[in-house]
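Paired with subunit B in one complex and with subunit C in the other, subunit A is shared by the two complexes that follow.
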Partner chain A sequence: MNSEVAVTPNERVLMVDNLGIEYRIGTEWKKAVRDVSFSIGRGESLGLVGESGCGKTTVAMAIMHYLPRNGRVSDGSIRLGGREVEELSPSELRQVRINQVSMVYQDPAKSLNPSIRVGRQVEDVFELMKVPKDEWDDRVIDILERVQIADPGRVVRRYPHQLSGGMLQRVVIAMAIASEPELLVLDEPTTGLDATVEAEVLDLISNLRAEMGTSLLFISHNLAVIRKMCDKVGVLYAGRLFAEGSAESIFTDPRHPYTVGLLRSLPTDDVSRDEAKLDTIPGTLPPLGAEIVGCVYADRCPIVQDICRKEEPELNPLEGNRTSRCHFPERAPDLPRTVAEDPPQRQISDSTLLKITDTSKTFEQEGRPVFALSDVDLSIKVGETVALVGESGSGKSTLAKVILGIHVPDEGGVIELGGDVLEDSVQSRSGDSIRSVQMVFQNPDSALNRRHSVRRIVGRAVQRLRGLGRKRAHEHTRDLLTEVRMGHQHLSAKPSHLSGGLKQRVAIARAFAGSPALVVLDEPTSALDVSVQAAIINLLSDLQAEENVAYLFISHDLNVVRYLADRVAVMYLGRLMEVGTAERIFGGPHHPYTEALLSAAPDRDEGTRIRLEGEIPSASDPPPGCPFQTRCHRKIGEICETVEPPLAEVESGYSIRCHIPIEELARLQQTTPEKS
Partner chain B sequence: MTRFVLRRIGLALITLFLLSILVFIGTQLLPGDVGRRVLGPFATQEAVDALNERLGTDRALIVQYGDWVGSAVQGDLGDSISFSRPVTELLGRALRNSAKLAVVSFIIVVPLGVLGGIIAALKRGKLTDRLITVGGLSATVIPEFVSGIVLIIVFAVWLDWFPGTATAPPDSGFITQLHHLILPAIPLVLVLFGYIARITRAGMIEALESDYVRTATLKGLPRTTIIRREVLRNALLPTIAVVASQIGYLIGGLVVVEVLFNYQGIGRLLFDAAQKADFPLLAGGVLVVGAAFQVSMLLADIAYSLLNPRIRVGGKA
Partner chain C sequence: MTLMWVFLAVFGEAIAPFDPLGVPEDVLNRLDSPSADHWFGTDQLGRDVFSRVLAGARQALTVALGATVLGTVVGTLVGLIVGYFGGIVDDIISRILDAFLSIPLVITGMIALTALGPNTVGVVIVIGLVFTPLIAKTVRAAVLAERQLDYVSAAQLRRENPLHIMVVEILPNVTNVITVEFTVRLGYAIFTVLALSFLGFGIEPSVPDWGLAIANHYQFLTNDVWWPVLFPAAAIASLVVGINLLSDGIAQAYE
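Right, the complex of A and B next:
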């Protein structure tokens, strides 16, 4: 190959030129990625951001030469270390994968073979690198230590299902870096992990990169993660690169209306729902392979002009070594707000709606008790939003299910709704109390019956919860759809034909069918793209003001919690650790656990990170004393290990479960927290 | 794991107990007067009474049931009326014969079915895949008496390659016996091939498209290693369970084939017992076949859990 000798600057680890990728849908080839070009230099890290369906993963898979069976590279070139990927022979490709490029992706639990021991799977890498067999064991232990696995000798003998998600992702990263590849492709490597684990995995990747000088291609929908991890950022939309530049410039001074829109959709920590609505990006991504004249973003762009609909803009270079595919990049920063109206006015009444007293839930697993909830006391006022936060395994969802009557709590606790005691199980609850407490799940795909139309899904809920006849129910269904800002044209659609955001609106409409007093929202936006998330949060906020409904909002996204919640309850190992107004919880002084959670957010500075040691203990074997003592960075001594602190109301409307006096916590947290 | 096996055995015993009640009701209770049914409408009442007394069918039902189950547990299923021999002896011989036929069928169909499934999965969407899946499915729906008769006509009558009966002459050697058993095994192979191939294919495709196969490929493992080590290990798990669960069918469900090929297996024996109103033999036979099904299901479950580390090694560390 001539081109191989020609211009191959060795410093370029990856060069993607005018890449086009197609998928075969039925008999037609549809363009999923067009004309994408970027390159990554040695030691550099490039982030690709964009909403789902924009082609991020497709690009990554093409680089790995692992497109699905119905996908193909149709145009352009991908060069790894100067060699054209599409022209590699199978054995050359294997060598490239062994030595040059590795990949880590989402969902580590699925990335490892369930029936092969972890150690054997890591060994493969050394076997493929032709390391002598007698060195394998040591090398495996070394590499696992390098990704900070505490007891590698034990971990190698485990099967994947015996390890936690964070641990598995470390193993996958260990395999990926074992050959010290030139390029590491990371596709949503921390999506689905707890914020505390995410923070650790990201730190780990940063450190390894600093040590080995590996280049990164980092794909994520999470803008804060990309900003933290990458030098350069490319913004993808509908398979096209919309903007590229330094992370700093893209995030602080964006020059494309789409980038501006994405950033504005994110809740920030200085604005709450009562101050301003979130900006959204109206409309949806064009369908795969749609042939569009002009700019593909024109239909959703607030500053669209005539020329945008006629001529597709080039990826224009701008000052500051960056590009933007827009005719009017200079106008992007002053993009008009898409959601201009004022936030809805609302009033939280003083009367208590839900009152949970002394409620516990113990499951039995293999003959041993699992203490999922311990003595929870919590109340929610009429029209109020209370957020539940905590790592997975902290009991958030169990509490939600106990309130809904899906799980029957242990004897002794009382749950009251509007002054009346709620029956334990949903089967024995009256129609009225079922109607009053409804739920919206994280994943509308599994919550909505895919065979039924929207009309039937919502209509049935209306009939059952309101006891209306068919005709009146139908009218009410149409009203509900209007209420969740959906057009009536969607009435006969099935969920599979709706976008994620629309599906979640249907789920919300169904929950509101009976005019509930309390809606439990279990991570309602975490499966959605940021612009859609913003629209759903606005909707929830509007509905709350209109219907005077209370929310129990479960989320791991602290920025969303801060924006939406009036009060926050922090859970750990089935207990409430801290309860107070959102302002108080986020403002501090914090419970040490909350302090750690807050410091784990990717937009926090790494210097102030509090590392949580180990994992959340098993609820079947909770530690003695304070449940958090095994991981607490502020542990004061024996009392923490022997006596469980009570949840004490130390200020009006603020309770904390900690042995350290609140004044002392305030003093400690003013100085830079020590790292452990 | 031990707990799981013990619980599974317990469940099998409960099922057998329920089956014994059903069998008892079916063979002792529903026929009404057993002596009359055996001797026919023209026998004298004295003869009927005498037979009932000899068979014990004149006693209270609960006593009869307790007696029957009690001896059955000790390995005594009573005497056959028509053969005047202990039921266990008759069943033992028939069971041995059935097992021979089952083993021959198994040895042919399992490798073929698994291989077919693997090939179909690797060539999925191609012509080979469609031939195997559609062909296998079509073969599954051919009733054994149709395929059996066709086979006899073609291979035994026209071509005379195989004997038309499955029963080898007494004291014949292994090869002769095998020669007799191949033709009767084929209808069973036809029934099971599509089933096994389909399960294997589905397991293969699921594994081939899994994230862990992607991980293995991107690590740089060669394709053959990936298929052998990463794919087959997980893909064959459901197949093994399905195959093991078919042992029961192969032992107890072969009435048609055994009658057609005149083979003294357990299916044939039950058929005869039903025709001759030989209630003790029928009851014992059904119970044994039920036990065979239970054992095969049990084997299937144990095999599955032995091979699946998620069950074998248990939960989180």
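Right, the complex of A and C next:
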């Protein structure tokens, strides 16, 4: 891909020099970005990567001259096509934004006006470009076709809420490229999207870039996405550029301890939780505007030396045309592991803990039934981790809520816990079964009462679930905090004073308050940064070994699933499509749907990508026959459209719902080159 | 400004230069224009307008405050219940609230007070109940949003009873909405109380009251006797503006 783009290094589309940005908090100006320099040549793509709070978006906003009212550029310069952004008059700025640079934001639903039809909003762009009115219709259709929207005539008449997230992001990208800008700024453009949709949007961006020669500034926390999309990468930390270089060099041979740490904290293909713990980055980001003597990373760096605490390192040039803001870049590759201990030993017993039989859940929406779950059969053993994977809308969360008793399943289904039938609703369950099944929610900001202290949040759960008095409950609360590796100084803190990782630890402590037998983990790390995610995964894995608890782990991150799960269940449209051990599911041969999911990961080559046609069908109107037949790339014929295949156990401990015999699938999938 | 009126409501009668209820011996002092002795002049019975304005603060504030507290407490309870349970409970109670809201405020008050006769407690109850549906609707909307958050599910997962979830879990998260609503309603309550007393409902005639004072003297306006009307009116305006500023400040502080 990169070779197709003609890069002329002398033409700089964007030059950022010693940029400093401040925010006014109260009456003080605090530095959010310091001394950041980079440039993007024509046709080049630069990725800015870093964890939340590192200043990625702030830099992008400054480039667009969109800083919020309490922000200002305090030092340095930003030049777009040779012109200083800060010195542009309002009308010049308008022209620059129309013709030279466009931005795509993270949440497409928020970038479009919900009460105006999509077509009209795209027309606005052409109006600004002073295109004659009679050409608008054609130009709109044209540009929507360019972003591979299949039926643009239909889409223009829709309102934003009638379109899916992936479709909306295409519309926003279409608006951004309509004026053929020199530079496209993309701020986490795929973060809210499903992996399969993300893969398509990323392909689209690469194709457009190759076609139009647009330069990209691509901002993301997702290292794999940046690696796939960018020629050059800048690593931001606490508002400083820590390292810059070609994507290849940054990711395969990093020369800054932070970059090394980030890459190591990602779970990889070949290691599972029983083989090694994930490496983490201890500590937290310094607060905004903190005045630190020496290197800002010193407190978290495993190879910190005396000089690091006295002198801030320069952005030193290294061989291979790259830089690193470190006194000892040559030592970074041999960084000692921060988590040295061996993974905890655990035993999965053969006794079944949870058994779900024939469970369905039908919601009613505007008088029409919505089949959220259909005849689910699943069992979880004592101490085991079962992962649920599938696109959004596949019924993962509904299944979890049925198990927890928040949703009452349809008649006929049976859920047994340790051999006893569980009551449908949490209200009618016994104290013991309530204690035994608990949950960690996706977003700790929503899951923790923001008006209550940590002591109260965890303490109340201990009181209720263990039936302890106030004093005993308090002692137990302290023990629980120790168990989730939190200091007791946080006891009286409110959630808003804790970092994301600490908040999730509080939520985990609460779920473990009554020594549960099964904890449902609903995307417990998806709201967290990479380095924090690793620590939480390690914690979950330690707790499982200590408490012999079973997990039902809901996630869209297949690398995390592969690392943590013993067994995997793949869901589609409320049905289990494939259930087996993690090794078996990832190793193949796969169900065609799983095959597509796996191939959507950004670290896969585009050549082997299986494109899923269209979107997941509506659960209120499921297709006849196999639920996946409308999008299946291996559909064999009429049987798929008329007969729903059963979930058949074709090997011991492995079931699949497909008409194609497993031997045939194995043969088919061998012919396509597959990395795993 | 609001603080000043609250202070006057408590101490107004004590610091007033003349007895707000008493009539000076010299009845010739009736409708005197403002002078060194009587800063705001005197009214048709020769009473000191300045003293009566100071003393009137208590009447306006206590009645309005009582009514608003009553409306807020009942409204919050109804809003919590409706927002938390939703479904059929919400449908039924919300329609009843809508029905109440469709009746004009002052007319309801007048009818109810005609039935109850002039007494302060009656005014408090009537205005409080009239405000209840407004506050209930606001609280309901806030509770509906909170109800979607996972901490409510987490509480259900440890089988907390609905009362605990409503009062201990949800209520602290909607207090900001309630406080703002309270101050806004307080401003309206003052208007309503004074409008009713201006119309002659709910207040015994001898009590120093701004609305009553205006009602008793506006017919003299044509004779260039502006002071017994202007000063109580200015008092009303300054109090209501003060309270509105206060509510804006509170709303901003919560953002």
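The criterion applied here is as follows: the second predicted complex is superposed on the first by the 662 of 676 C-alpha atoms of A that agree within 3 Å, B and C clash if a C-alpha of one lies under 4 Å from a C-alpha of the other, contacts with A are read in each partner's own complex, and residues count from 1 in each chain.
The definition used in the following text is that a contact is a pair of C-beta atoms (placed from the backbone, for glycine too) under 8 Å apart; a residue touches a chain by one contact, two chains touch by 3 or more.
Quick caveat, the model's predicted, so the values are computed rather than measured.
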Are subunit B and subunit C a fit on subunit A, or do they clash, once the structures share the same frame?
clash
Touch check for A:F328: first (subunit B), second (subunit C), both, or neither?
neither
May I ask you to decide whether A:F363 touches subunit B, subunit C, both, or neither, giving the answer as first, second, both or neither?
neither
When the two structures are overlaid on chain A, which partner does A:W29 contact: first (subunit B), second (subunit C), both, or neither?
neither
First (subunit B), second (subunit C), both or neither touched by A:Y66:
first
Between subunit B and subunit C, pick out the one touching the greater number of residues of subunit A.
B
Kindly classify A:I98 by the partners it touches after superposition: subunit B alone (first), subunit C alone (second), both, or neither?
first
Have a look at where A:I406 lands relative to subunit B and subunit C in the superposition and call it first, second, both or neither.
second
Is A:N443 touching anything from subunit B or subunit C once the two structures are fitted on A? First, second, both or neither.
second
For the superposed three-chain model, which listed region of subunit B (133-141, 169-177, 187-195 or 205-213) is the one that clashes with subunit C?
133-141
Residues on subunit A in contact with subunit B in one complex and with subunit C in the other?
none
Tell me, which parts of subunit B touch subunit A in their complex?
125, 210-212, 214-223, 229-230, 233-234, 237, 307-310, 313, 315-317
Residue set of subunit C touching subunit A in the complex reads 149-151, 153-154, 156-160, 169, 172-173
Touching residues of subunit A toward subunit B in the complex: what are they?
64, 66, 69, 90, 94-99, 102-103, 105, 107, 110-116, 124-125, 128, 154, 158-159, 161-164, 172, 175, 366, 618
Flag every residue of subunit A that touches subunit C in the complex, lowest number first.
404-406, 426-427, 429, 431, 434, 438-439, 441-443, 446-452, 460-461, 464-465, 510, 514
